[in-house]
Amino acid sequence: MTNAHGPRHVVVTSIERAPLDVVDQLAPIGTATVHEAIGRRGYLGAHLTPIQQGTKVAGNAVTVLSHPGDNGMIHAAVEQCREGDILVVANTAPSTHGMFGDLLATSLMTRGVRGLVIDAGVRDTFDLREMGFPVWSAHVGIQGTVKNTPGSVNVTIRIGDQVVNPGDVICADDDGVMVVARSESAWALDQSNARLAKEESTRAKLAAGELGLDFYGLRDKLTEMGVEWVEGLPDIPDHA
Amino acid sequence: MTNAHGPRHVVVTSIERAPLDVVDQLAPIGTATVHEAIGRRGYLGAHLTPIQQGTKVAGNAVTVLSHPGDNGMIHAAVEQCREGDILVVANTAPSTHGMFGDLLATSLMTRGVRGLVIDAGVRDTFDLREMGFPVWSAHVGIQGTVKNTPGSVNVTIRIGDQVVNPGDVICADDDGVMVVARSESAWALDQSNARLAKEESTRAKLAAGELGLDFYGLRDKLTEMGVEWVEGLPDIPDHA
Amino acid sequence: MTNAHGPRHVVVTSIERAPLDVVDQLAPIGTATVHEAIGRRGYLGAHLTPIQQGTKVAGNAVTVLSHPGDNGMIHAAVEQCREGDILVVANTAPSTHGMFGDLLATSLMTRGVRGLVIDAGVRDTFDLREMGFPVWSAHVGIQGTVKNTPGSVNVTIRIGDQVVNPGDVICADDDGVMVVARSESAWALDQSNARLAKEESTRAKLAAGELGLDFYGLRDKLTEMGVEWVEGLPDIPDHA
Amino acid sequence: MTNAHGPRHVVVTSIERAPLDVVDQLAPIGTATVHEAIGRRGYLGAHLTPIQQGTKVAGNAVTVLSHPGDNGMIHAAVEQCREGDILVVANTAPSTHGMFGDLLATSLMTRGVRGLVIDAGVRDTFDLREMGFPVWSAHVGIQGTVKNTPGSVNVTIRIGDQVVNPGDVICADDDGVMVVARSESAWALDQSNARLAKEESTRAKLAAGELGLDFYGLRDKLTEMGVEWVEGLPDIPDHA
Amino acid sequence: MTNAHGPRHVVVTSIERAPLDVVDQLAPIGTATVHEAIGRRGYLGAHLTPIQQGTKVAGNAVTVLSHPGDNGMIHAAVEQCREGDILVVANTAPSTHGMFGDLLATSLMTRGVRGLVIDAGVRDTFDLREMGFPVWSAHVGIQGTVKNTPGSVNVTIRIGDQVVNPGDVICADDDGVMVVARSESAWALDQSNARLAKEESTRAKLAAGELGLDFYGLRDKLTEMGVEWVEGLPDIPDHA
Amino acid sequence: MTNAHGPRHVVVTSIERAPLDVVDQLAPIGTATVHEAIGRRGYLGAHLTPIQQGTKVAGNAVTVLSHPGDNGMIHAAVEQCREGDILVVANTAPSTHGMFGDLLATSLMTRGVRGLVIDAGVRDTFDLREMGFPVWSAHVGIQGTVKNTPGSVNVTIRIGDQVVNPGDVICADDDGVMVVARSESAWALDQSNARLAKEESTRAKLAAGELGLDFYGLRDKLTEMGVEWVEGLPDIPDHA
């Protein structure tokens, strides 16, 4: 969005969200299973890591697009948050700043926000863990920020190779963060439950000693592709 | 420093330190708060991470400048350390070597040293955690070192974008490491205590539901900068 | 290995392994000590980090060479694993995919496999920790994989700057991963035990306040190399 | 897109493109100017660099989504290309493979394709320069690829923090690569021409010695923000 | 190799080399083609880049294993070099030092050495280009080195994911560096010539407008794997 | 520097510079030689690379400390520049923005500025090369900037592991960038000329076939350190 003077900056105050009962059922399933269930899509990338261990959450995205090292728009975003949301912050260029800390977390927790995903740095990590406010970030660092440059809240943002729209569902756990489009949330839950059931059955087979090589039909497929089972490295020439 | 044959190497045996009662009061405040309090300065960078969780320390810097992969000068530095110090090691070029382990930590602990900051690798991390010796390092790795190349102890070093002088105060916690100039330590403590009080008051307001958007005066400032609050994305042309 | 149509792909079904009683004695010694004991060799690099803390293992390597993002050959490798093995996975080019998760771990645990080393990503890390299946990986991430491209099992692979042959001993702990050649395993155990004893004696000296500077003979050596002990920075010219 | 068995893979054979007369006028303007003109949007990131120097191109995007290290879908994309296109290749996960070389370039040049943008590696760079086929890539490297895993052609892809739709306009030069949405192309050309004119006028003023500090009104703005002009560092306390 | 006091260090003075007439014929073929011809093996990785453009060389490897930032062993290696060699330098841990410059190049050129491959930094790049001495390095940088720590010449080294033995053939061009085992050199030449011929024929077909999609049989293969050719994105549900 | 409201921001209008006749003599010597001559100090790091080839410059530093992605202070710095200066820009945190382009270069060239060193991105690289304005930067990229956040001009800044003070001498060439303290400039020139002479003599010896191994006395030193010259790998046990 632009106007005569540069990019246009908006805070969108009314967004549609996915139903919380769907969101709540997605949370315990885990990112890897949901990602597989919807066709191996939605993963925000290995650069976002949790500051805590053992937490699984899901929530509706309130999105922020900021200037690097400027957290004014995160403050503007707080007002747009409600019970069941996850705040998702992108920047117009990479940032290692500590753009978020325990004060902003205090503010978000009063509104029922479930966590933060930020493609930048976070600080006060000890306090955030003590408060039980989960965070996934690209960096941990204390470099301070300013509040000088406009940005937007609740517009489409991109993190890693993914698009996040306001109201999309964010799932996050020890493995990282993924996004499910709002319009896909109910379908994604069905697919994920179906996959969970299938994984359960596969796990039982594997625990009983059955091989994936067999029940995925891989033995034949690999043979067709030229894989040979040999007892030792055969007597092949020096250049083999 | 150079002489006719190359850089000059010294072990400076008498340095001034910040008073331990000031240092001790800085420790629990936390790096993010001290960093803000002294004007957003002193942060050594996001590449230094702790090998343990939940530790906050402060101490006087004994500095080492080493050749990469050569820890002879760290041994030379032990003798210069005393109660309340933190050893801070830089290299003349990047190093991933495991330049420090549990034996050196044993030596330092007998002298009351409070921790290690090293812009290289560290090893024996399990043992270091068991011993309760805190470390912040650029890498964890076991690649062994030699003791062949001279360096210096208690000279000015640089880590990340910061200068560390011997006797400066090092503060370190789960968020990383920062330096306070020795001559600023008392002032930094005052500033930090003032900021702590302010943060406490802000936290109370935020916990009561007040918005940073309001009490920082951001609503007007953002509006002046062109941020618009809109109900939905307005009917803007396709190219918006 | 190549044939007329491209690289040759094999699953080698009979490999020699190091004796488990030797392997079992190497495990508790720790990677840093074994690495030093065998002449500072065998370290697979700082890019492989554990997903758990406090675990020390050793095992015989079953090796996999895969196409990035394709875990078909990991399934083929399961059948080749037995009690006391560690699965070691390399790719023909870098991969951040989540090539391994809790289902494959279930399969490996039924066969007595002691852990996974993978130069790629891993997922289901929460579950893997719960199951007590240790993993060292280059990434944590959920991006899903396919089963379309042939590779090999139990051939020579390279990770970091090291060669891993099937049947070599893998040692892994909080500091990372190292390899001991199968033919060297007994010798490596002797060397490691000797070094352990020496470290124990050194630790006692250091704990008693003796300085490495003295008992390593470093004070003289550093002096010869031009290091000077000075009380303060001497009166050197401005350009020193 | 998914079906019962995983992600759905399509080659879309009819896409709308931006008019070539618009595209051709965008080419010489340069990526920095177009990026500014449309509101500082569309930049694909500093990780994509040209293998040649001094080339400015623009073209309509034909998009490819591939499995890492598998270039079968690039072959499928050739047939969809026509005069004035630029091939834009993304992967489902990072890849350093040499996924493209002089043979594919030969094929594309017969169809009037103007260049390649690939978020992976490229090889035969000497030959590509000789042939005059411009390439922007994330890596240069020779690691060979396979043709085993399905993907898609002419679907929405993401590179860096940008979305590229088939038929969008790609602009690329020595500074990197940017995308202009197809629906915005005519407007972007207008905006870019307006900015060019403004830049020309600014350049004349600056060449005449006028200061940006003055004609951007920055002197007052910086003063308001607290910047002070001082003759030397004023006599500020030690802790300044 | 170790002895009682640590790793054993040797300069091996007699190594076998590949015949120069074979080496000379490999040079102009180019790294990508040789890499494919021998089964997609031997590539040293995208981190090694040339400091010049348009140079293709091949030579016999004289290998060096150094301590980071210490170039004493490179001086020791010069004496072991002869007409047709390429010096290949690895370190025991990563190094960004400028370990090689125009003086060492002068020395090597008097002995007919054809170039340098170094997994560290290089300096005097302007002079090296002027002198016509080709270099492939991991870094360009001036940080100076010492001559204090022993290493080895003409032992097995590893760079990237490859093993380089003394006397192996190194091929290098604008795309990077690869290694051909000495024992494979004649076979590799045959394979490469065969591949060159095949590439020539493929190039002719592609230049005539034939599609790889057809003559590689990919159209059927992709269809079998589920790829669909569609006119536009079909009317699939929102969650597709 | 701080005041009650945060860091203090100043534009220092009168700085001392090194004499231009000294600066001008340092330029052609080259960064590697000057770096060695002053004791292997002053190198700003391998992350700063030139956008052009074959240029050697030296000049007096005018320094800028900016907020990432905000180039207002660069405009403020122009006015402080004069004949013989080099502009050196650091940020309070990492930045990949294109903070500098051809318009600012136009402005600087009217004042006789000799080049730019920027620890961030640069754009319009084609035009900058055409204009003959040399640049060393951490990135090339077009991401646009704002002019909203105060910073400082002619204060002490840090780049890589170096401190740059206003008026220090910057030397830059194809190998990168280094700094010489203003107070050391005349001494550095003497040292550099002495080293140049020595290098010339060494070059003559090496070109005549003499070995560094001999005239640096390395043969004996390496032997003492345990390096053995052996004809082939001796008959050492398997574990050697």
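Order of writing sets the chain letters: A, B, C, D, E and F. Residues in each chain are counted from 1.
By our rule, contacts are C-beta pairs under 8 Å (C-beta built on N, C-alpha and C of every residue); 3 or more make two chains touch, one makes a residue touch a chain.
Just so it is clear, the model here is predicted, and its values are computed rather than measured.
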In contact with subunit B as well as subunit D, sorted by label, we have A, C, E, F
Taking shared numbers over all numbers used, above half giving same and below half different, the subunit D and subunit E interface sides are different
Taking each chain's mean CA coordinate, subunit A and subunit B are separated, in whole Å, by 30
The distance between the C-alpha centres of subunit C and subunit D, rounded to whole Å, is 40
Residues in subunit D with touches to at least two other chains are numbered 1-2, 8, 38, 40, 92, 96, 143, 148-149, 225, 239
In their shared complex, subunit B is touched by residues of subunit F numbered 1-2, 6-8, 38-41, 90, 92, 148, 158-159, 161-163, 191, 225
Touching subunit F in the complex, subunit D uses residues 30-32, 35-36, 40, 43, 45-46, 49, 53-54, 56, 173-176, 178, 199, 202-203, 206-209, 211-213, 216, 218-219, 221-222, 225-234, 236, 239-240
Subunit E residues touching subunit F in their complex are 1-3, 5, 8-15, 72-73, 75-76, 78-79, 96, 98, 101-104, 106-107, 110, 121, 123-127, 139-144, 147, 149-152, 155
Subunit F contacts subunit A in the complex at 67-70, 92-97, 143, 146, 148-149
